[in-house]
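First chain A sits with chain B, and in the next complex the same chain sits with chain C.
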Partner chain A sequence: MHFSARQTWLTPVLAYVAAALILAFLSHSLPRMLPGDFVTAMYGASDVTLTPEQAAGLRAQYQDDSGFTAFLGRIFCLDWGYSHAFLAPVSALFFDALPWTLVLMVTAHLLSSILGFVLGVEAAWRRGTRMEKAGVGIMTVLEGIPELCSGVLLLLVFALNLGWFPAAGAQTAYADHTFVQQVADRLHHLALPLITLVLAYFPGNFLLARAGMVMVMKSPFVLTARAKGLPPLRVRYAHAARNALLPLVTRLGLRFAFMITGALVVETLFSYPGLGTLLFNAIAMRDLPLIQGIVLAASIMVLGINLALEFVYILLDPRVAHAS
Partner chain B sequence: MLTTIKKLTVQYTEDDHALLALDRVDLTLAPGRITALVGESGSGKTTLGKAVMGLLPDNARVQGEIFLDQDNLLDFDEARMTPIRWAKAAMVFQNGAANLNPVHRLKYQVAEPLIQRGMPKKQAMALAGTRLTAMGLAPELADRYPHELSGGQVQRGLLAMGLILDPPLLILDEPTAALDAVTKSFVADVIHACRAQNKSVLLITHDLDLAGALADDIAVLYLGQVMEYLPGRNLLAHPAHPYTLALARAFPTMDAVRDLGGIRGDAFYRMVHAHAADNGHTHVHTHVAAPDAFHQGGHAPPEGCLFQPRCTQAIPACSLGSVDMEITPDGDHRVRCLRGGIARMLHFEQVAKSYGKVTALYPTDLTLMAGEVFCLVGETGSGKTTLAMIAAGAVSPDQGTRYFQGRNMDLWMKKEAASLASRIGIIYQNPAESVSHRLTVFEIVAEPLRIHNTAADEAEVKDRVRSALSDVRLSCAPEFLKRYPHELNMGAIQRVCLARALVHEPDLLVADEPTSALDPSVQAKVLKMLLTLQIEKGVTLLFVTHNIGLARKVADRIGVMSGGRLIETGPAARIINHPDHEFTQALIRSARGLIRPRAAASSSA
Partner chain C sequence: MHLDAGHRIWTDPWFLTGASLLGLLFCLAVFGPVLTPWDPYDTSFIPLDPPSARHWLGINDGGMDIFAELMSGLRNTLVFGLTAAFAGLVLGSVTGLFAAWKGGWVDQILMRLADIVLAIPSVMILILLAAFFQPQPWVLALTLAALTWPTTARGIRAQAMTLKNRLHIQAARHMGGSSRYIIFRHLMPELFPLYLINFAAKLRMAVFMEASLAFLGLFDPSLKSLGLMISYALKYYYMDIWVHWLMPPVLLLSFLIMGTTFVTISLERVFDPRLKTAL
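Presenting the complex of A and B:
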């Protein structure tokens, strides 16, 4: 950022805008190539038989024939179309589901990143001890368990058998709660899906942080930091761990960008009313405008997070600014 | 603050064995003195610096004592070491920029120890800025990240960082490696300033020039043992240990005129093995580093001088017991050598020779040190060949005494001529005339063995001829061995002569104009090979030539002869660059093609 601030800011932003336009075009054209349509999906399994005229009429009613430019204009006005399955505007559905997913995913990522980073750094510092070896073993096993598996287990044990946590939903419906009670109720509902996600993300973060830290600890500047008479915690975090952070941030960014698909399994499993569940239902119903809206929003989110990362990297490691 | 290191031993343990990095090292670092630690890589220099800082890796086992005044640092744990580091002893590590954290700005890293010790951040940053400016780094450079700085700027920054708390002891690990000459001299100024501020400086370096120029004392480290401890000014001029001499010879200086020579053999690692059969009792074994290198059945003798396998003057006693440091006659100069330092190979006292009324050699004193290349230079008829042949034992002097390896040569020759002759090899000027045209290559090379009857049987003769021929890079194929001299070119015949001279594996090789009959391209090849062999075999070489340009490339020391007198001897660089005698000056001028020596001598007389 020292030499030409304008160029370092402008180039990635322009590139990302171009990518966003291409994505918008794809999300406009790709769903149209899906086999089957809403009418077939809705009436195919029922006893009602439509005459060709009726089918054509219904299709004409639900068909969106607008061109790409019109589509682009509507995106900016948040007019993302009307969901045939839910009988509501797509944007309304999207923004209803978004906060639930955000709460779940942001908490899960923050917890698993902080936990993974700190434990990984401490494990690397204690490299070769029995505790560290055991930690790496356990994390490697945990890393191999898919969230579907651990989610089902948690659901069976803590919700169905022990009954400590609710098995579905994000809050108790129609309850007359005070604010504090409401927060407690939501956290209660959040617990199991959150633990499932943390269990899925945390071991990878741990292993990545530990591996990065082991490499950094061999660097001469860590020895210099010790030679300078700095206390161990400062050597460990301000000097060594700071340099092991970059791969972890990359991973966090990638994971976060795939928030919606990442949440799909867990949200569906726990019937959690987030974007993942919404997308799952939309695909099942062939709800074209809804799929289109979610896919596009998800893609823009991927781009936005990547763009943000470009600048976070420079903050974390000044060498990145000169890499290109 | 006085730093006293006593019997410091460091081993790096790995599974079932250990690497011995330092072996009972004693060293004292006094205030206001610069002590240089020199040696090849792997000799334990950096380990010593890290040991003082308490920064050795976990697998290091440390024994001995490191005193900072009254405190033995080896009794201190990490918590007690932390306040000592940087405040009492600071170390600038090697490899420049790798020692700076890439994500922090230089000035912050310099200020960090101050901040850590309670100085307000603003004040600390300001002080760091001042110190960096004093090191020649402008404020905008001080605010940069390490990757935005050049190697020289980084080194200046590291020095500022090392000195930020004004420690009484500064350890510098290769502070000038990979620096340009200007920055290097700046670093030297900084080190001088530290001495002026009464700091102790430990300068770890393989740069002998720097050590010689800066250091008050020099310790030469080899395989974790101090081989020689000498005053700085003496390093290049008067090394006492063969290892120091070899190091100096391998080091490129601005003065060096001779081609650089390596040290024969390869450096070893020292391994400590605990054999199960010995119930955990440890044996020190010396292992070679390179798998295909000089190897004595996997283990060198556990006792004896460490340098002995590579030494040019080793005697059987050298491999019998460990060797202690001894004080040489000139006071504080200590050397770990059974032979008391570099030995005399050949010593003449007032040796003279006349042929009838013609005096070929006036009374002359001459000393050849073991392992050196001594060049005799002069015009034809100046007595070079006479002196060389007296040295070789081929001509007896009329007066004076000759000593070879400390024994009177004439008495030796009377008693056991064969044993003396087998220690001296001779190469003559004209290869074609120095071999019998009736002998085959095999018979020529085998002749010395037959004359002195030194081979046990015919099989040994064959073996030794083959090994001598392969030493001089000649074929050992039967059809080549059966050839006669007239079937070979001059270069090949001179190599056969060299093989003949080497077949006894002599200690002294006398070469009288060995390449003057060869054309320049062949001469270059034969010379290169001769010098390589000199290093590999550790043989002392007396090289006679009329060509001072040649002597310049070959010699450690040069002796100039004129009219039967040895008029000047000295290190090759001194003779070539600052000749004392006017004849030598004229000789060098004429070699540069400016003026004829006779004319110059007469005009200036």
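Presenting the complex of A and C:
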């Protein structure tokens, strides 16, 4: 089977479009398989008696009877339904929560990737020393502690017992802060959820970067670079470490779905006002349109990020594009 | 080569630690009901009673014995993990072997299907299903398996493809061995380490998922689960009962994930030919 350069990018794009369609179809059809409708669910067991006009009005307001193609169109128009728990449009709620999640997730990923990569490369360079062995040991243990557990421990120790960090929220409500104070306040609130996520993501990156680097360091070109008398830093980063990046990027895509689960838990744990907490509240209040909207929008964002990663991989490794 | 690896795995301290942790937890899950005379659903005790000789970890806010709850939760979490891991492993291995053996368009279709399923974030589907239908845990476990088989299928397929062209398989083929004979006698046994690695990795992921989703309130609240216990106990963080109520499920869950992580990492180091040099 011959793979041309065009096929290397066409295959992932097709797979991701198919995945997005399947997700959209499921979130369109699953709610329709439930018995009853909005009016029976909300007013069936209450003392309120609705006139037929009122019932029809409520159905028109909260219920969505459109077919699948119309549903797809509405996704693009950001018309994702109306949340009956928050009494607001789902898209408005989603975009209110999104920035907080993005700040948390992007910072956590950047910190844990850079830290994990640099420390992993350095550890592989010092392979066999006592420091390196201890580092690998600590990272393996950390890799075994889920966000749920490390988050609970951090919350108990640093927020509730020592009181160094706030236990909930993303900023002090109604505080009259200057801009600098506000940034400091938000960072203060961000610290614990961020540390929990970094502790969860960083060991995996470290172990992968180290394993990749150890293998790269066996290749002849590293020996050549050293024999040429290049400074160690240049050999390490300009020559060897770039090649150790590849497994890191591939595994990131695979681990992403589980990282999201962790982020949901961490946001809920620290009541951080992002998508995770919004989803948790939606689940607790059985607000089905909101759950549906968040799940679909978040999934499509994840698909977009994973697709982008595939292209980053092709860019990083030209061998993929020319593979036969 | 396998014998050597089998010897190496039993001398690897990470594997031994992980395996003993898991063994201990399995025993707790199996013999849990024997260890405690109390029923985890019995609400007839004094709520928030501190630990005593009768109730080792005290009583929760609903008047239930916390130790009995813990054993029942551990068992549910493990059963979910084992179901999802086993089903995912079987599905992935069969698909991977079939794709590798058949080759051609069957292989193409199965692997493109794997690409698509791999792209779908499995948490999202589980959240949708759990929120809309509140199914039994085993339904969710099988759904998780149906969404995570592609990683196994890819690994098994890649390894089976190289095996397929090895001399002894070629010889068996030329001597007239049927597909069934070769798959069952040669391909399947020789991929044995891959099953172990995949099973351990899937168990870790499934346990993590179960605890997280239960914590988020997506599982049947009447069933005990480590995640659900953490979520309930967290509401009383301001009282000192967190020592005997919140910490036990947190520690058990950590040990469970740690055990599977150690086993996975050590199996990968010993059996994965590409990583062999990395140790």
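In this text, the second predicted complex is superposed on the first by the 258 of 324 C-alpha atoms of A that agree within 3 Å, B and C clash if a C-alpha of one lies under 4 Å from a C-alpha of the other, contacts with A are read in each partner's own complex, and residues count from 1 in each chain.
Everything that follows uses one rule, which is that contacts are C-beta pairs under 8 Å (C-beta built on N, C-alpha and C of every residue); 3 or more make two chains touch, one makes a residue touch a chain.
As the structure is a prediction and not an experimental result, all values here were calculated from the model.
In the superposed pair of complexes, A:Y16 makes contact with chain C only, with no contact to chain B. In the overlay built on the shared chain, the residue A:C149 is in contact with chain C alone; chain B does not reach it.
With both structures placed on the common chain, the touch criterion links A:L223 to chain B but leaves chain C unconnected.
Once the two structures are overlaid, the count of chain A residues touched is higher for C than for its counterpart among chain B and chain C. In the superposition on chain A, A:D317 makes contact with chain B only, while chain C stays out of contact range. When the two structures are aligned on the shared chain, A:Q54 is found in touch with neither chain B nor chain C.
In the overlay built on the shared chain, the residue A:P231 is in contact with chain B alone; chain C does not reach it.
Those residues of chain A that touch chain C in the shared complex are 1, 11-12, 14-16, 18-19, 22-23, 26-27, 30-31, 33-34, 140-141, 143-149, 152-153, 155-156, 160, 207, 210-211, 214-215, 218, 254, 256-258, 260-262, 264-265, 268-269, 279-280, 283-284, 286, 288, 291-292, 295-296, 298-299, 302-303, 306-307. Considering their complex, residues 53, 55, 58, 78, 82-87, 90-91, 93, 95, 98-104, 112-113, 116-117, 145, 147-148, 161 of chain B touch chain A. Residues of chain C that touch chain A in their complex: 14, 108, 112, 115-125, 127-129, 131-133, 151, 205, 208-209, 211-213, 215-218, 227, 230, 234, 237-238, 242, 246, 250-251, 253-254, 257-262, 265, 274-275, 277-278.
Across the complex, chain B is touched by residues 2, 128, 219-221, 223-232, 234, 239, 242-243, 316-319, 322 of chain A.
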